[in-house]
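There are two complexes below, and they share chain A, which is joined by chain B in the first and by chain C in the second.
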Partner chain A sequence: MKVIGQKTKRVDGLGLVKGKPVFADDVPKKDFLYLKILRSPFAHAKITSIDYSKALEVEGVDLVLTHEDFKPIYYTTAGQGAPEPSPHDTLVLDSTVRFVGDRVAVVAGETLEAAEKATRLIEVKYEELPAIFDIEKSIGNQTLIHPDKEGFSFVFDPKNNIAANIDEELGDVEKALSESEFVFKNTYSTPYAQHAHIEPHISLSWLDENDRIVIRTATQVPHHVRRIVAEVLDIPIAKIRVIKPRIGGGFGSKQEIIGEELVAAVTLRTGRPARLEYTREEEFTAARSRHPQKVTFSIGLDKNLFINAIDMEILQNSGAYGPHALTVMSVSASKTLALYKSLNVRIKANSVYTNLPPAGAYRGYGAPQGFFALESMMDEIANDLNVNPIEFREKNYFQEGDEVPIAKVLGEGREGFPVILYTSGVRECIVEGKQLIDWNTLRVSEKTGIHRRGVGIATVAQGSGIAGIDMGAAYIKMNEDGSFNLNIGATDLGTGSDTAMAQIAAEILEVPVEKIIVYSSDTDLTPFDTGAYASSTTFITGGAVIKASEDIRNQILDQGMKLLDVEEAVIKDNYVVAANDDKISYQDICTKSFYTDHQKQIQAVSSHMSYDSPPPYNATFADVTVDTETGFVTVNKIVSVTDAGRIINPQMSEGQVEGAIPQSLGMALSEFMIFDEKGRPVNRDFGTYNIYTAIDMPEIVTKFIHTDEPTGPFGAKAVAEIPTNGPAPAVVNAIYNACGVRIRNLPITPEKILRGLGKLK
Partner chain B sequence: MWNSINSVVKPKTLTEAYSLVDGKHVVLFGGGSYLVSEKDETIHTLVDINSLVNNTIKADVEGVIIGGGATLQAFINTVTTVNPDCRLIDGCRYACPSKNIRNQRTFGGELGKGRCDSDILVFLNAVNADITVVAESKKTESIRNWDGRGIVTQIEYIPNNIEGVELMRSARIPSAPSVVSVCAIKKKDYFDISIGGKCSEIQTFSVPEEKWNNTEIKTISSKVVRCFSDDQYGSLDYKHILIETLINRSGSTL
Partner chain C sequence: MIGFYLNGKPVFGEFNPGTTLFDYLRDQEIFSVKFGSEKGETGADSVLLDGKVMNSSLLLMHTIDGKVIETIESFSQGVDVHPLQEAFIEEGAVQCGYCTPSMILAAESLLRENPTPNDDYVRESLSGVYCRCTGFVKPIQAIMKYATSREDR
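Presenting the complex of A and B:
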């Protein structure tokens, strides 16, 4: 292959490094209204009155919106395929506030200062209500966070504060556990964590010359934005155009519609352009975060250490609303239970409401929580049985050719589709990783003294898009210089997916990548795509690009043969070449097609949806040193070896892995959101919420092993989320290897280590 | 700068500058890195002292003299060439891990901010630096005696009577502020120790060499931990152990 597998320049790279106005906010702000949201100081309260007369007296303040200004249309902020399986429990503005930071009112002013000043002058009277902060106390609590209301949908059991529920079983788990030679049961928990993307949520809107509303926004899901804004503001989809420019990171957080509806509402009411940007504090307190989960595994083994039964229970904190409540739990289960084979599998899961900030989509989408539990558990079992943890894992993996039954049961909020494993490189990942981390030496090295070194492993899986749901489309047209416009609805949010799509098209059309002009995405100009989530773009949109490129290639060949007046020819290096060596260039074919001969626009549009979602695999190894006097853990090295099928662009794939590792290390060691006794967020900035930065990073080794996935474009599987799943459990397992302390509740704090060592009561 | 700032004044002298500030609505503007990060909306006037404060750095065997307007990065650049082992270089890097921000942040501002988790302050307290401050009048005094008022124009300490320095810290990750920061100075026959971190004040102790033992370290740790609290960084019991360990280690390396 000439282009696939090569480190090509990013198609958007030059504009980014030259500081061109590529981001959402990079537009002239003539006549804009600046929005500021008044947020709740209470975790749970009824708004009894709002007096904003003083706010309207502030010079430059044009509009104040409260719950009285919106129709009570319940929706979900989760940008998912329709109908969204997330609870529809949210109003644009509500008369009840359910977490500290919930929306109370929106002010639009000529300047941000005027809007901010006005929010401080709004007088709100609240009737404070009892609040729930503990997920263990939510189900059955007398306090109801979402008393059942007309218009609710997809809320599992509002009378018991349950946003979503899963109860599925394959085989007979109770019987299998009772017949097992060994049964292990443990519980693991993970806290709230922040995405910490550089660019905050930002949305702008204005009316075009036909009074259609244009929303330019930092989103991962432009088509879902269009649909949901239309729904909640009760306007036709045809009236809305959503433009997604370059995005400064999203990691799932920008799969939420938490600003677009407000700017659109203000523009519709005033006729004026409007702009809303979240502050960093708002990102922490009022945007979205990773769902905290408490995961309990019961695993039964037969006498040969094959897994008989896996029983998985999840208690998940949805926070005050339920975006992604069902599907995150579903992924926690479907990805973890697709790694190890068991005939008897059960999943019982509840996502409960609390009066804490709503959680949402975050890279890995439930899999990091699930794999932290599962891979810790596998390590514990191996240690308890005194068997090699790698051999124990290898004994139980699904094999190539196996059907993964859980995939059929757990789809995206509905029944899924059977998954056949055509490729699995997990064993090769282990072989490579063991060598790179020096496993055999470090595993058995001396574990005495103050500083103790250990190694740990986690093997993990993910999906490649959502089977039977994700759909992407691509439109390609040819230009007379032999270049091609590739318009896709897919959403490059900094990942480089536009470049990957260009490579796919270039490979098929036999042109350099520079000849592919990618545009993404604009709901008026680009075809539909479900958006950038669930590790879908390369696999799904890539499939569409292949189809459209092949269609175009056939048209070029057909036109070329007509122009050469031959019956047979081939495409070679920008030419259609006949058997007699007559040839015609792409440029000439297109120019003649435009102006003189067999006139037509060479163009194609194709869609792709797949009932397959082949799992990429990864083995992550951690080398750590534990200071047994202070409890501090130093991560010396992370080795991440991934089977993502054929790699389309090695540089960008390495970037995905290198970006995922710090997020997972943060999850393990330094990142967690803290709330006080009133539910107020304590750490609301990067001074107190510590993400891994460049200077904090250990040595990272990133490798890919090659498999050829028959269902993927050029054999590719996904790479976006998988590397997020492994580092946290690998670190936990390495700590155990180093000093014998087992951490089951993240984050790992030095104090937990010392308590585990018995140095602190 | 930001929305609430409506004027920037440029006084002719530091005394005048000091007379203008009220610490709430009218504040000093040096490097500006703390101002920008906090964006306190009650501030409406900045008093620009950039042209008034000395920003020179002198570091040799006779002593270290740092102008209040010198930036942390300028100090690192200057001193790395003449004394790469200077632990204040580490202090600067720990206290402010971003080089870009270190290029703005001044020593005067760092001292004025008075962060107990600033490894720079922990170091300067341990070496008992002299600071020159302009308030109602100009005076030079030990940093340990400074009440935090005034504009710091110069920091000075003499390293040639110091036999060894150790700066140790614990932080959740290297780029995070210190939970506990300990600086130990070995002089001829005693140790000076300074302890800061997520606490209410930086505390200093002098311990004769013959008394440097586990009992004394435990006693010091017990006193120091009272300035800490139970928080997300750990319980007091844990911090007691951490402080004790870091004091022990810093002393034992000297």
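Presenting the complex of A and C:
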């Protein structure tokens, strides 16, 4: 292949290195109204009155919006396909506030300073309500966070604070566990974690010349933004245009509609352009995060150490609202239970409301939590039984050709589709990774003294798009110089998907990538796409680009044959070539098609969806040193080997892995949200919420092993999310190898290590 | 009244006491300086001040009197590309690109002081620029590659 799998520069790289105005906020000054949100100081309270007369007296303040200004339309902020399977439990503004940082009112001013000043002058009377901060105390609590209301939908059991629930079984788990030779049971927990994209949530809106609302926003889901804004503001979809420029990172956080509806509401009321940018503190306290989960696995083994039964229980913290509550748990289960074969599988999961910030979609989408538990557990079992942890895993993997039954049971909030495993490179990933981390030496090296070094492994899976749901479309048209416009609704949020799509088109049309002009995405100009989530763009939208490119190729051939007046020809190097060696160039074909002969626009639009979501696989290895005097853990090296099918763009795929690793290491070692006894977030800035910087990074080694996935474009599977799943459990397993301390609750702190060593009580 | 150089051109003006260089630059539609946080931790707002990388949102206008300010806009004219920018593209060091101008400025700041830095110096130079996409692997490669290629010349 000429383009697929070859080093290809990003199609949007030039503008980015030059600092061109390509992001949402980089527009010439308009007559903006600046929005500021007044947020709740209480974790749970009823608003009994709001007096904003003094706020309106502030010079330059034009508008204050409260819950009285919006129709009570319950929706979910989760940008998912319709009908969204997340609880519809949210109002744009509500008369009850449910976490510290919840919205109370919105001020629009001529300057941000005026709007900020006005928010401080709004007099709100609250009646404080009892609050729930402990997920163990949510179900059955007298305090109801979302008392059932008319208009609710997809809320599982509001009378018990349960946002979402899963209860599924294959086979007979109780019986299988009772018949097992060995049964192990442990509970693992993961905390809130922040996306920490550097560009905050930012939305701008204005009226176009026909009084339609234009929303320019940092989103992963422009088409869902259009639909959900139309729904909550009760205006026609036809009145809204959503433009997604370049995005400064999202990682799932920008799959939420948490600003677009407010700027649109202000523009609708005032006719003025409006702008809302989250402060960094708002990102930490009121945007979204990774769902904290407590995961309990009971695993039964037969005497030959084959897994007999897996029983998985999840207790998940939704926070105050339920975006992605059901589907994140569903992914925790469906991805972990697709790695090891067991005839008997059960999943019981509850996502409960608390008066803490709502969680949401975050890279991996439940799989990092699930795999932290499962891969810690597999390590514990191997240690307890004194067997090789890698051989124990290898014995139990699903194999190529196996059907993975859990996928049929756990779909996107409804029944899913059976998965046949066509490709699995997990064993090859292990072989490569063991070498690169020097497993055989480090695993058994001397574990004495103050500084103890160890290695750990985690093997993980993910999916490629959401089977039976995700759909992406691509539109291609040809230009006179033999270049092509490729317009896609898919949303490159920094991942490089625009480049991958250009490579796919270039490969099929047999032109250099420079001949493909990519535009994404704009609801007026680009066809539908569910958006950038669930590792879907290469797999789903890539399928659409293949179909559209093949259609264009056939049209070029057809026009070429007509122009050459021959019955047979082939495409070769930008030419249609007949058997008699007569040939006509792409340029001539398009130019003649435009102006003189057989006139038409060579163009095609195609869409693609898939009932398959082939799992990519990854083996992550960690090499750590534990200081047994201070409890401090240093990660020396991470090796991440991935089977993502055929790699479309090696350099960008490496980049995905290299960027995912510090996100997982952060969740394991340095990042966590602390709340005080009133539910107020304590760490609200980067000074106290510590993400990995350049000087914190361990040595990173990434590698891909090659498989050819029959259901993917050119054999590709997904790569975006899977590398986020392995580092945390690999580090925990390496710590155990180094010093015998088992951490079951993230984050790993020096205190927990010292306790484990018996040096702290 | 203060005066300073911005990307080679002299600027004179009076500014409100609270105005930061970041506010001023964005106001002038110099959009390469980005908002990352109010306290400057992310470094997305970087500029060069007398050749040293600084957070523009932490610089009040009255403090830059007589200084030389450079932003990424000064690195290339028209369709030109600075070789350091080219190295970032070549090495796949750009993902979302939001922090990229700041990384390039931070590297340039280092290289003016130390034209032949080792990996540790490069890492250190990027420590004030947060990036959530790349894990810094390819940005460091890009800077090392550029530094080495200059050495060769």
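FYI, the second predicted complex is superposed on the first by the 761 of 761 C-alpha atoms of A that agree within 3 Å, B and C clash if a C-alpha of one lies under 4 Å from a C-alpha of the other, contacts with A are read in each partner's own complex, and residues count from 1 in each chain.
Simple rule for what comes next: a contact is a pair of C-beta atoms (placed from the backbone, for glycine too) under 8 Å apart; a residue touches a chain by one contact, two chains touch by 3 or more.
None of the values given here were measured: they were computed from a predicted structure.
Within the superposed three-chain model, A:Ser670 lies in touch with chain B and out of touch with chain C [touch as defined at top]. With both complexes placed on chain A, chain A has more residues touched by C than by the other of chain B and chain C. Contacts of A:Pro28 after superposition: chain C is touched, whereas chain B is not reached. In the superposition on chain A, no contact is made by A:Ala238 with either chain B or chain C. Residue contacts after overlaying the shared chain place A:Thr693 against chain B and chain C alike. Of the two partner chains placed around the shared chain by superposition, chain B is the only one that A:Leu112 touches, whereas chain C remains out of contact. In the superposition on chain A, A:Glu629 makes contact with chain B only, not with chain C. Once both structures are placed on chain A, chain A residues 687, 692-693, 695 are touched by chain B and, in the other complex, by chain C. For chain C in complex with chain A, the touching residues are 27, 29, 31-39, 41-42, 44, 71-73, 75-76, 81, 85-86, 88-92, 94-101, 104, 123-124, 126-127, 129-140. Within the complex formed with chain C, the residues of chain A that make contact are 9-10, 12-23, 25-26, 28-29, 195-200, 246-249, 251, 277, 279-281, 493-496, 651-652, 654-655, 658-663, 685-687, 691-695, 697, 700.
Chain B meets chain A in the complex at residues 3-4, 37, 41, 97, 170, 172-177, 232, 234-235, 237-238, 241-242, 245-246, 249. Residue ranges on chain A touching chain B, taken from their complex, read 111-113, 116, 629-632, 669-670, 672, 674, 682-683, 687, 690, 692-693, 695-696, 749-751, 754, 759-761.
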